[in-house]
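Across the two complexes that follow, chain A remains constant while its partner is chain B and subsequently chain C.
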Partner chain A sequence: MRKARRALQTLAAVVVKEMKITSRYIGFLVMMASLPFMFSGMMMGIGYAIAGPSAPRNFASNTGVEDPLLYTVLGGVLMIGCMVLIENTSGIIREEQMMGTFELHYLTPNSTILLWLFHSLSSALITLGVMAVNVIAVLALRTSLPSPVDWLIAAGITLLGLLPLAGLGLVVAALTVRFKEVWAVASSVNAFVAMLSGFYYPLEVFPIAVRLASQFLPTSHAAQLLRSLFTGTASSLNLWERLAVMFALGLAYLAVGRAFYLRWEYAAKKRGELSKY
Partner chain B sequence: MDAAIKAVELRKTFVTREGGVLFRGRRKIVEALKDVSFEVRKGEIFGLLGPNGAGKTTTIKILSTLLLPDSGEAWVGGFHVVREAPRVREVIGVSLYSDRGFYWKLTGRENLLYFARLHHLDERYARRKIDQLLELLDLSEDADRLVEEYSTGMKSKLNIARALLHDPPILFLDEPTIGLDPNSARKVREVILELKREGKTILLTTHNMFEADALCDRVAIISRGRIIAVGTPNDLKSKMAQHKVVEVTLVGFEDGLLSKLREVPGVVGVATRIRDPVAGVAEVKVVYSDSLREILSPLFTADVKVLSIRNLEPSLEDVFVALTGERLEES
Partner chain C sequence: MRIYLRYPAWLVADIVTTPAWLVLFILPILLFLPREQWSNPQTLTMLFWGWIFWDIVSAGLWNFGNAIRREQQMGTLEFLMLTNASRAILFSRDIFSRIVSLALSLTYVYAFFTLLFNVKVVVINPVGVALSLLIGLFTAMGFGLLYGALVLRFKQVGPLNNILQFIILGLSGAFFPVTALPESARVAALALPFTYSIDLLRHYSMATPTLLPVTLEFVVLISYTALLLALGISAVKLVENRLKATGRLGTY
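Up next is the complex of A and B:
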């Protein structure tokens, strides 16, 4: 009980700190909110350039969704959220080392893995806020707003889709902190995740092997679930089946991230790398 | 255990890399600590005095559980630093940097509140404690400014405030006044003495002999990873009773002169500080126990111009020069 209370206190501390810092980087929030629209515009532009006036008809028949803006904004919000989360978690060791705050967390009575996961959760919550604003804007323009229950389900799907990536981020962070190439590796991982998650297109366009690989990404499940929730498209698995798969993937990603991080942490304490940047 | 801190034969080696373009460079092994042993009594201010790279920060990091020793053992507050690391962290407050260790986009108060929450302090108690610490360190007026606007001195004081948040009985302060203006440095020293009056045990590192002399009950002189001497500042200075100190300012200094001076019988230690590299002006400090005329004879036969010769009262720095042949501060 005491442990749980302390963990909640730590979570609150991290979330409040991250929200405050993010609120002081207004440009970052504006970028996060506007990028999904920009990417959507780009995708729709490419569609028109290739298919001409029949682009919307082709899009509807290939995706089952009449509204390309809603489809791509949903995918775009998830993609930006995923990028921010992987970059934040991957870069957290380096960034905190550069600020001199990294070691200080080791001097507090908390699990450091939990601390960094709470930082990732904060990123996911910020993404949720941005998603709500963007999706509300599109839905209000095009159709009607979903019920509060649908919003809650969407929030759960987004968190379950994004949080496991923190495990991936921890692996990148642990592997790259010695080689000082965090941003290069994080960006490569991001490109890979973005390509295989089907944020802007149905995964059916890929050969079977790629589609199978995409099933190991929680984000591809999240993208499909969000679309079926807001646009009514059919999904090969029902909500609970997909949630169960995402949950299992989440546990596996976090377990791998934890194992890598703990290994790096021990080596860093031996080599004096906790403060090296 | 009576000692608040006890270190026994601590050893630490680092592997670094030199050079390298596409691949990592040549391996270089640096022995940071070589069998470092000392004890700090409860309630005292204990100084680790030594130049940059002597092993002071490595020692503090091992004692604060941030670094694992290769061998040797240490206890802080009676807890083993490796086997009981979480318990050690409960009884220590650590100030590691003078101007880093903060979120720039948070105010001073918000930074402290964040770390207070990570220490699971009750919210109301934490806010009261933070007010108290900000007052103690003369930071109340600037508490609600973003840290990115703070001066080095303010950040250094904020670092000490953070180390005190959970009211630990043992404090580690790594170079607490480095880079500070005289007023801020004086304030930090006053606070350290106030903390001692409250009964806290303080281990501080410094390469400032004046600071060690003014603050520390006992001092360990550390050089190249070894403890050379331990004692009160007066004990250490009394070791100089049979020795005298002279400082010669000269033009035309060359490295060879130092080895010539060291070879003179009666010379205990020699160290130099370059004052003006372009003009070749240097201050040579000689600790000796013989006649001054003999000691200085290499200077008169060398191709140098002596500008001044001063006899000095022995200081902690002279103890350092006598023991290690180095000076504490380069300038």
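Up next is the complex of A and C:
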């Protein structure tokens, strides 16, 4: 009971701290909210310029969705949220080391893994907020917004889709503290996660081997479920089956991330390299 | 060049991630076409050159445009300003590494593009293509100097870089001819120097018609580039003198 209360206090502290820091840089929030629209605008603009008046009909035929703006904005929010989370988690150790505050985390009675995961949770919560704003902005053009229950389900799907990536981020962080070039590795991970998650296209366009690989990404499930939820298109698995798959993937990702991180931490403590960067 | 080659991981990451970014960008656009047109060589070649041109526009904003601010944030701007070196050369030194990186990226993007989309990118006049790209880089440099002077003056640009990038790519017709734009947007497009650069690039690659007669378009582009470079150098000098007079050179 006491452990749980302490964990919640730590969570609140980290989230409040991250929100305060984020609120200092409104430009970042504006960019995060506007980038999905900019990507969508560019893709739709190019698509319409190349395809002419048949563009919307072709899009609907290829994706099963009538509204390309909603489709691409939703994908864009998820993609950017995913990239921010991976980069933040991958870079957190290196950033703290460079600021000279990394060792201070070890003076607290908290688990350092929990601390880094709570950072990721803050990032995911910001993504939720941005998604809500962007989706409402697009859906406001229609007659009805989703129900509160739908929003709750969407929030759950987004969190289940994004949080496991923190495990991936921890792997990158642990490896790159050893090998130094964290941003290059995080960028590479981001590129392939983004490509395989199908944020901007249906995964059916890929060959079967690639489609199979994408099933191991929680974000690919999140993208399909959220599209199905907000656009009303059918999904191949039912909601609860997909959520179960995502939950299992989440546990696996976080377990692997934890294992990598603990291994690096043990080796770094033994060699006296905890603060070395 | 030394700085560029000091971080090989970035170069490797750039090469390794290129196919992923290509798929992520090109596929959503193809969704607006019927399936049977997804392998159309004309369309794909146009998208290929648009992708390469994006690199040039990015150079203008992120490399040249942010060069001054980067020096400021690293605390080395004042030391550079103590020298009697040309400010244009100081803040445009990235041009050399950009020429190398553009040549490199052209090679591996071409290879991946051909592999992924099963299409041979058309290049009718390689010399004309190379010239268009090179002038385009200098255009980006001139634009970047002017933009960099504004960044130095106003400090925080927030998401302006990203917004400008998309506006320039859209208006200059990087991925499609500007004739596809509405009339009002076309006027704005003709005022952008990048429009002529990509137009010439497509002309020499795919033999597409140009907005103006070819020679005239070259003259317009070179004149515009020279003007931007001159304005950029003057703007940097003006802002530098103003900031020195107000003691705000190092504040950011």
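By our rule, the second predicted complex is superposed on the first by the 274 of 277 C-alpha atoms of A that agree within 3 Å, B and C clash if a C-alpha of one lies under 4 Å from a C-alpha of the other, contacts with A are read in each partner's own complex, and residues count from 1 in each chain.
In this text, a residue touches a chain if its C-beta (ideal position, glycine included) is under 8 Å from a C-beta of that chain, and two chains touch if they have at least 3 such contacts.
Computed from a predicted structure; not experimentally measured.
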- Query: Of the partners chain B and chain C, which touch A:G47 in the superposed model: first, second, both, neither?
  - Reply: second
- Query: Which partner does A:V185 reach: the first (chain B), the second (chain C), both, or neither?
  - Reply: second
- Query: Between chain B (first) and chain C (second), which does A:A12 come into contact with in this model arrangement: first, second, both, or neither?
  - Reply: first
- Message: So in the superposed three-chain picture, is A:Y201 touching just chain B, just chain C, both, or none of them (first/second/both/neither)?
- Response: second
- Message: Once chain A of both complexes is superposed, is A:K269 in touch with chain B (first), chain C (second), both, or neither?
- Response: first
- Message: According to the stated criteria, A:S61 is in contact with first (chain B), second (chain C), both, or neither; which is it?
- Response: second
- In the overlay, answer first, second, both or neither for which of chain B and chain C A:S111 touches. neither
- Using the superposition described at the top, determine whether chain B or chain C touches more residues of chain A. C
- Message: Show me the chain A residues, by the header's touch rule, that chain B contacts in one structure and chain C contacts in the other.
- Response: none
- Would you tell me which residues of chain C are touching chain A in their complex? 7, 9-10, 12-13, 16-17, 19-21, 23-25, 27-29, 31-35, 43, 46-47, 50, 156, 158-159, 162-163, 166, 169-170, 175-176, 180-181
- What residues on chain A touch chain C, complex-wise? 26-27, 30-31, 34-35, 38, 41-51, 54-55, 58-59, 61-63, 68, 72, 181, 183-185, 187-188, 191-192, 194-195, 199-201, 205
- In the complex, chain A residues that touch chain B: 6, 9-10, 12-13, 16-17, 20-21, 24-25, 99-101, 103-110, 115, 269-272, 274-275
- Please name which positions on chain B make contact with chain A in the complex. 12, 14-15, 58, 61, 64-68, 86, 89-90, 92, 94, 96-97, 100-106, 110, 114-115, 117-120, 146, 162
